[in-house]
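Should a chain be cited, it is by its letter among A, B, C and D, assigned in written order, with residues numbered from 1 in that chain.
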Amino acid sequence: MARQSLQPSPEPADYPFTHRLRTRFAETDAMGIIHHAAYLPYLEEARVEYLRAIGHPYDSVRAGDAATGGDGDGGRDFAVLEVSVQYRRPLHFDEEVDVALLIGAVTGTTFQIAYLLSVGGTPRATAVTVHGCVDGRGRPTRLPAWVRDLGST
Amino acid sequence: MARQSLQPSPEPADYPFTHRLRTRFAETDAMGIIHHAAYLPYLEEARVEYLRAIGHPYDSVRAGDAATGGDGDGGRDFAVLEVSVQYRRPLHFDEEVDVALLIGAVTGTTFQIAYLLSVGGTPRATAVTVHGCVDGRGRPTRLPAWVRDLGST
Amino acid sequence: MARQSLQPSPEPADYPFTHRLRTRFAETDAMGIIHHAAYLPYLEEARVEYLRAIGHPYDSVRAGDAATGGDGDGGRDFAVLEVSVQYRRPLHFDEEVDVALLIGAVTGTTFQIAYLLSVGGTPRATAVTVHGCVDGRGRPTRLPAWVRDLGST
Amino acid sequence: MARQSLQPSPEPADYPFTHRLRTRFAETDAMGIIHHAAYLPYLEEARVEYLRAIGHPYDSVRAGDAATGGDGDGGRDFAVLEVSVQYRRPLHFDEEVDVALLIGAVTGTTFQIAYLLSVGGTPRATAVTVHGCVDGRGRPTRLPAWVRDLGST
């Protein structure tokens, strides 16, 4: 995967934001653990909570609300261009998972997010997603200024 | 992701096995495309069909049927240790997707699979999964001989 | 559930259309069976195949293609108003499921579908869905004529 | 559906327990709303939180912890025998949903739960699930005494 450049740290303290969620029984599989595909919605839920926390709720981004980052010219989606997950130890039903995340590698058109999933301080998985910005018709477009600014933090 | 070493080719002809599936409406999202998390079950479905095609149905592997690869000492699961997906162009509802796959990088305890998802010959995504072998209690164990043999092909 | 009136038969021979699908490992849960929520996409997949079989592919219905049933005035969705499932015996990983269906109780604005899920002729579940027609903005609208005609069959 | 007898009230005040959750983007579909199949995990998540609230966490029930209801003779699962959902108004991405529930119709071997899903006090859906008790091998068995006692409340 050529574009992906972030290396997720296994240390919770290295991440500026953490979202806690609880695994669902519907997400278990016949191995008695959380199915590996269920982790992607966990990452997404944490992204959505992060955007809310920094004042840019994702539904406003999608609606093109100028006040929250549409640059005044319509809605935006942060399409997922790449994802990778490294499963270290299984997650089980009813566990409370801390999904920590960090934005990095911001360019004019893409950004990356590194994730650490842990339970009670013990790492369970790390992940990276790479995102591009698309307009309401699904065409690639420049990132809103507030996203580009996250890169200089 | 340290372990992952395969580079999936964008050429369908480079893969020895292909499974065709059709996207479901339940797998779409509000962007009007197939949600990125839905690709992981597509990869899994193709793996399962590949194992069946080479005479090792996955439910027999899991049940520890000696004839199909349990080495006579109990059931096995091929746990997912890593996954990465590169989304090139979106999939849409009701499209027929060819999921081509190739096994490689087989060691005594892990193997990797490269995937190409295409529609009508046009690449939509590539992916890699890394697998380890676990016994019925979830403990890591050596790969069955028939899997190790796939590495010398 | 007031509107639902169909009583699904446990006899495969009572249904005019059957779609076969295979359960996925991702759809299992920690009880070692197919999770009950996974049945709803099975019903949906069978509906989509039925619409294709009678010459009205659902993506054309949604796109408002006049030739396939939009009555020439825009796209339609068959929103799910109600669903009920009666689970008789569990489904397991890798089973081939025959999803039989029958349309009934067609009115000017709603229709119902009865389903029988069976494996090797043995019933596993029955279900009923109730559908209404909505236009591209999600507003209730009359059913296309070809759907109303199904009610007189 | 013969067994189902509860009629879910559209009044939040009629329910003794409510669990709030937030819809996920992964649960939306191409109609721009939450896919109807996603409601079943919502009901399940609310059940799990209710069991925790009354002192019988579902993972302990499953593990057969005598202190939390296994009657001292092994783990139990509350298998879903029937489910029905009546969709009144759509749910959208990022909405906070109050899932209220009420246990009723408790017999020696089954119980039912009625649900009301609402957002900001406005009903969006009602539902009923019917459950039976199974032991670790999936065989039907009597309900734990504490569940039967819920019926006399």
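By our rule, a residue touches a chain if its C-beta (ideal position, glycine included) is under 8 Å from a C-beta of that chain, and two chains touch if they have at least 3 such contacts.
On a predicted model such as this, the values are computed, not experimentally measured, just so you know.
Visitor: Look at all chain centres (mean of CA atoms) and spot the one farthest from the centre of subunit A.
Guide: The chain lying farthest from subunit A is C.
Visitor: On Cα atoms, by how many degrees is subunit A rotated relative to subunit B, nearest 5?
Guide: To map subunit A onto subunit B, rotate by about 180 degrees.
Visitor: Determine the centre-to-centre distance between subunit A and subunit B, using the mean Cα coordinates as centres, and give it in whole Å.
Guide: Centres of subunit A and subunit B (C-alpha means) sit 24 Å apart.
Visitor: What's the distance between the Cα centroids of subunit A and subunit D, rounded to whole Å?
Guide: Once rounded, the distance between the two centres reads 30 Å.
Visitor: Please compute the C-alpha centroid of subunit B, do the same for subunit D, then give the distance between them in whole Å.
Guide: 34
Visitor: For subunit C, write out the residues touching at least two other chains, lowest number first.
Guide: Expected reply: 25-26, 30, 32-33, 37, 40-41, 44, 62, 93.
Visitor: For a test of understanding, state which residues of subunit B touch subunit D in their complex under the given definition.
Guide: Listed in rising order, the residues of subunit B that touch subunit D are 25-26, 28-30, 32-33, 35, 37, 93.
Visitor: Which subunit A residues qualify as touching subunit D in the complex?
Guide: Residues 22, 24-27, 40-41, 44-45, 48, 57-59, 62, 92-94 of subunit A touch subunit D in their complex.
Visitor: In their complex, what parts of subunit D are in touch with subunit C?
Guide: Touching subunit C: residues 1, 4, 30-33, 36-37, 40-41, 44, 62, 77, 79-87, 90, 134, 138 of subunit D.
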